[in-house]
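Next, two complexes with chain A in common: one pairs it with chain B, the other with chain C.
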Partner chain A sequence: MTETKQRNIFEKISKEEVEERLIEIFGSGNVTKKAGDLYPYSYDMTECEGHMPDFVVLPENNSQLVELVKFCNDKSIPIVPYISGNNVGGLTIPEKGGIIVDFGKKMNKILHIDENMMYALLEPGVTFGQLQKYLEQNYPHLRYSYPFAPPYAGVVGNAILSGMNNMSCKLGSMGDSINGLEVITADGSIARIGSCFYGKEKAANDSWWCRYPMPDLMGLFINWQGMTGLITKCAVQLWPNHPFKKTYLAVVFGLSAIAPVMREMGKTEVIDDISAVSTEVVKMAVEIPEPTKIEGEPDFAALFPISAKTENLLRAKKEILDLTIKHLKDQGIKVILIDVDEFSKIFNLRVRCYLDLPSVVLTLVEYSGLTWFGSYAPTHKLEELISKVYPIFLKYNVPPFIYMKIMKHSHYGIFRPIIRYKKFKDEETIHQLLDEITEVCINEGCIPYKTPVWMTEKMRKKINPGWLQLFDKIKQCMDPNNIFNPGRWNT
Partner chain B sequence: MLSIQKGEDLLSISLNNILSFRKDEEEFIDLVVDWDKNIMIEVLEFYPVEVKFKGNEITFKTNNFDKKIHLKVKMDLETLLDIAYLRINPILAVLKGKLKVKGLLKIRTLFKFMKIFLKSMKMVAANPNLNYYEQDKKTR
Partner chain C sequence: MVEVDDSLLGKEFLELSFERCIKCSTCKYGYKTFDKICPSGEKFLFESYWASGRIRLIRGLLLGDLEWSDELKDPIFACPTCGACMDACQAPHADYIVDMIEALRELAVRQIGPADRQELLVSRCEENCNPYGEENSDNEELKKKYDLPDKAEWVYFIGCTSNYRQHSLRDATLRFLKKAGIDFTLIDEHCCTSPMIRTGQTSIVKDYMKYNIAQIEKAGASKVITSCAGCYRTLKRDFEKFGEQYDFEVFHSLELVKQLLDEGKIKFNSSYDKTVTYHDPCHLGRHMGIYELPREVYKQIPGLKFVEMRRNRNFAWCCGAGGGVKIGYPDWSVEISKERLEEANETGATVLSSVCPFCRTNLSDATSKYDFEIQVLDLMEIIDQLDIEILK
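For the complex of A and B:
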């Protein structure tokens, strides 16, 4: 793992002077340097090494943030954006100390819902639970899509880091569904990107409807883990909330047989989302402490939610699913398709935590540690990935928790081995296990997302030099004093 | 007090879920306690599970089965769901060959099994609650 080196961030100004300035900007009630307040921001559930910030500030508006960025840029003080700290990649651990900007507490407003053009304009602190409740109460005909994550996780953080949700089979990465961004860059200027770019001072609420056709400057901020600027507004697309919905469950026998099932079902173009989990994950949800698979059990289970405007259309979609399953069976694949509402009652209702998103899967976080190799994956390599990664888990005597998705009708996939563990007790073993999985998956072409620093270090060794030079040039250009989340991607 | 083993394989987890639904019901306790029978349930494509009723305990086995099995039932997952959700009558399922029973002549055992297992399964299926966080009927 990468060792982080503490840089002296108070070379140009004393810590006391920094505190004075922060209080001037945010007010004394919104600035803290107390160890007890800072500690929760210093670590997450992963193997990533913790590091204390020097200050935490709670911003309320853009003018405060502009002042902060100008000040930090002048004095070379790191700024780390934070929403709920719920990521699994050490993304908001202040590697080099500095100031945590906690958007979750006060910059968490839903600024506008546009019914006609179906988007939501959000401040960075808005959570999935908050948006879901707001839409259900005020715009029940519209929906956002929700991840396999707790309701208190941030929408904007997930979107700008290319998370995936329960409509990803239709839509792909959530990064693709961003209409517009407002960002504060290193010199303190505010830029609006997307169709909201007209207007000198402010953009009209109804102008955040598209990101094209101008040069797509959003790429300077999406997936950069907060290394190029502070995002202060984000417009995300919404979709019609169809009245007819149904989720089907495919039970698949044979370790890698799930791969063609997912691919073929994805290509039907009628499914909102495809997520598959190994049997051990199913058992984990029903509180089996260290789940193992017995002979005769299926290897994977996959969920296929479908939705439609009319009952007839829903039936037609089901017909397509049945035909695809029949075709797969004809090829010798052992797969059973059932109604998940019916099955979950008979099996155990707790498995619905995978359906009713966003949700907290309590058993997933019952240990002190949780980590993963979360990656975008070539779907034609899923068989190899499963057959290579599954035995690695067994070698380390760790339950093989594998979670996969098909994105954008099978154009690409997600391969995500997940490990829960006891921090301090099992940390070293789990590091080794994750390291081994990472090697295998990167060699098969997987691209990790929401990536911890030790993983980007591995990736850098495999990425073409031209890409790295361009990446480093852009970072240098956008953030010449390396104040934005320094250390990420080994900057 | 009835004790039902918490299974660790998929079918035993289901059986625990189904049989636990009525575990506080007097009628169910009367049916189950001291029944002392071994019932083999096999869901096609999966694997057989022995459900062992002994004293006030119900336990599940996926291997090392008892030599004495009093009743064997075999069906696929779709048929199991069809019976639970009343799309097919168990007797019709037997006649259509979808539900296979070995020990049909042991009428009393068969009927008791139907009262214990099939009735409980139908009750679980008929329960309108779909919220896992509202599983406990007392606190719902």
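For the complex of A and C:
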């Protein structure tokens, strides 16, 4: 399981010489090649096959990274960026061995918060929990958007991989919220992208305010899974932290009736986030040991957090929600809107971790494995997706955990079947289940994000040749020696 | 899959590593506080030095993906097993993380031996029944000095650190027990075995447990009191874990102080006019869940101004002495204490107090090494400075 897929990465230089150079660059305490140290980096919670890295390094600054990139480019040694390794896609598994660059331990500083233009300038290792605490303590009037993920997921990783958070109904993909990037490219040069691009040497902290209107070079790095360069700084937008907040829960009967409910509620433009889960997920959340749906129970539940600067505005937003629900009921959809505070009192407080993000979704971490088919989805296909994917879960006798989101006021959606499992026991079966789900969803037009290699292999068969040629040309141009996270997207 | 010998005491905890842990990193920082809590991870930084990384090491070794070598010693043994990861982790295996690490150490000791110098804990015990290598004290002199009977209701289990390194704490406890009129005696102790259990060196553990139980029974005691958080955890929890049964009750000295205060049997008649902050010993706090009791006692001392450190209770920063770190990694051990002393200084306290001789030792060593002015004292040493009125 952990053998490195060979290309021989030590063709041009011996492993001992590589170690010597790495110690020169980073210092001996920040470099390891010990098997025990490498092993925890060799696999993740998903079904993706594990591979050992050859080294792990802990960078502190850009000059070290410039030296590293120049050296690796010269010697054709793979570099794999790592923050906390808890993505659900095998993204930090070193497919071809090489050097893991662990940003999470020393390059994790919040460099600047700009109150006027509302953005945070971050090093790659900053986590959601860290940013949230920093804002709460120092800028309580500002907030970031937090994911349905552990607090120690990286903010920058989430943004550059188009993650979605708890303001996604307003904002869409978090990739859209990036103001600027600093990157080290294959020849070791440092480029700043966005409004921070003025200035020969350094950019002022208050210059990271926008990514437009120059040619948008961010596209060379966003969603590339570290295949085109090392990102060393990232500016992400912040938003006002409104004092008045309320969350409502819609309970919906009928397997696919949730789809129009989500779409119509999204179009109201008053909701911060819309996330819907199958009843089985709700049961898991309140810690029912066998989370299966019983006949007559609702099929889906959706959360609608709203926020406002004044109480009156919050009330007006609630009025719009009520009107939309009434309209849906008039169309024959069986839907009930509940105040989440009341719901959580009925069950137990653990359900609140769904609202109090970033938070550990406790029941998801009960097993040794977790995986999903996480995808951007056309919202008009949600009905079909639910009705086709739900029975696949049942066929494998796995609880159908389906999680969906509406993005940017219903312009697009997220469809994400989730599976928790025992990694060392059920991995093969779970991989088969996920494979079937992937086949169905891709055929319906879903586009997986944070995509594992086995999934991009499937996608490549369906993507138009022109796109693939352009993609390969850009990769070749940006990374001629294929040192940046090689193997991702089957490169 | 590598076969694990059935005689391994922690076998079931090793197997648990396959059922749980997705390496979500929640174990690394204070839950919801996001504070640094893990001395091992913060020092060495690579994933193998955090709880989730160690769980991965167990898997790797049992799956045969990793081979045993001396290189594994640091990730396995460079951890004070303070248990902060247990309080941070929210998964169902959280309470067993230290058990898993100790089981990994037990397995490692059989394959590659303990960390450097940790083997002294056993060899010294084999010679003198204590891990400090001091000539064994049968405590007869102390019994004479304090006029103690051979049989009594209580046994004061002094513990090796108090008996061989922290005499001031030992003597303060003895004086308190006398002043309070407790019917107690001492036994010819063997080490409680905490250092061996914590470092995976279990060869003498059961014999020593049996010996100590027999000594306590011989003294006719129905209650055992100890002023050491490590002994307390071991007597109260590990004896049962290792299958050793006994009929006496186990108390920490602070529990007795609190009980006597609550029952109105003692009263402090003088004041202690200093600002004191409290360091939660891992073995009493995170391992045994006792956080409020010591605080309540400090707050009942007249004149004492009690202040909290930023990280306290279940996310208190460890002193760095436990888990074999003091003997195996002595320099790093006091480095850990240095961070705690800096935090204590921030409170404005002039006294840093705890209820564990091992914490006291390490925190004191760090004050000397790094020139801190704050005084390190055990609660019993503070109480020893007070006029105590026996009310009965």
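As a convention for this text, the second predicted complex is superposed on the first by the 486 of 491 C-alpha atoms of A that agree within 3 Å, B and C clash if a C-alpha of one lies under 4 Å from a C-alpha of the other, contacts with A are read in each partner's own complex, and residues count from 1 in each chain.
The rule is simple: a contact is a pair of C-beta atoms (placed from the backbone, for glycine too) under 8 Å apart; a residue touches a chain by one contact, two chains touch by 3 or more.
In this text the structure is predicted, and so the values were computed from the model without any measurement.
When both complexes are superposed on chain A, chain B and chain C fit side by side without a clash.
With chain A as the common frame, chain A serves as the apex of an angle whose CA-centre rays point to chain B and chain C; its value is 70 degrees, to a multiple of 10. By the touch criterion defined above, A:E366 lies against chain C but remains apart from chain B after alignment on the C-alpha atoms of chain A.
Of the two partner chains, chain C is the only one that A:D37 touches; chain B does not reach it.
In the superposed model, A:P213 makes contact with neither chain B nor chain C. Set against each other, chain B and chain C differ in how many residues of chain A they touch, and the higher count belongs to C.
By the document's definition of touching, of the two partners only chain B reaches A:E342; chain C does not. Of the two partner chains placed by the overlay, only chain B lies in contact with A:I294; chain C stays clear of it. When both complexes are overlaid on chain A, the residue A:F253 reaches chain B alone and has no touch with chain C. By the touch criterion defined above, A:P465 reaches neither chain B nor chain C. Contact with chain C, but none with chain B, is seen for A:G85 once the two complexes are overlaid on the shared chain. Taking every C-alpha atom of chain B against every C-alpha atom of chain C, the smallest gap after superposition is 9 Å.
Across the two superposed structures, the residue set of chain A contacted by chain B and also by chain C is empty. By the touch criterion given at the top, residues 17-26, 28-29, 33-34, 45-48, 52-53, 56-57, 59-60, 63, 65-67, 69, 71-72, 75-76, 90-92 of chain C touch chain A in their complex. Every residue of chain A that touches chain B in the complex is listed here, in rising order: 251, 253, 279, 282-283, 286, 288, 291-292, 294-298, 334, 336, 338-339, 341-353, 356.
Within the complex formed with chain C, the chain A residues making contact are 1-2, 30, 32, 34-37, 39-42, 44-45, 56, 58, 84-86, 102, 105-106, 127, 129-130, 132-133, 150-152, 360, 362, 365-370, 422-425.
Interface of chain B with chain A (complex): residues 8-10, 13-14, 17-18, 45-47, 62, 76-78, 80-81, 84-85, 121, 124-125, 127, 129-132, 135.
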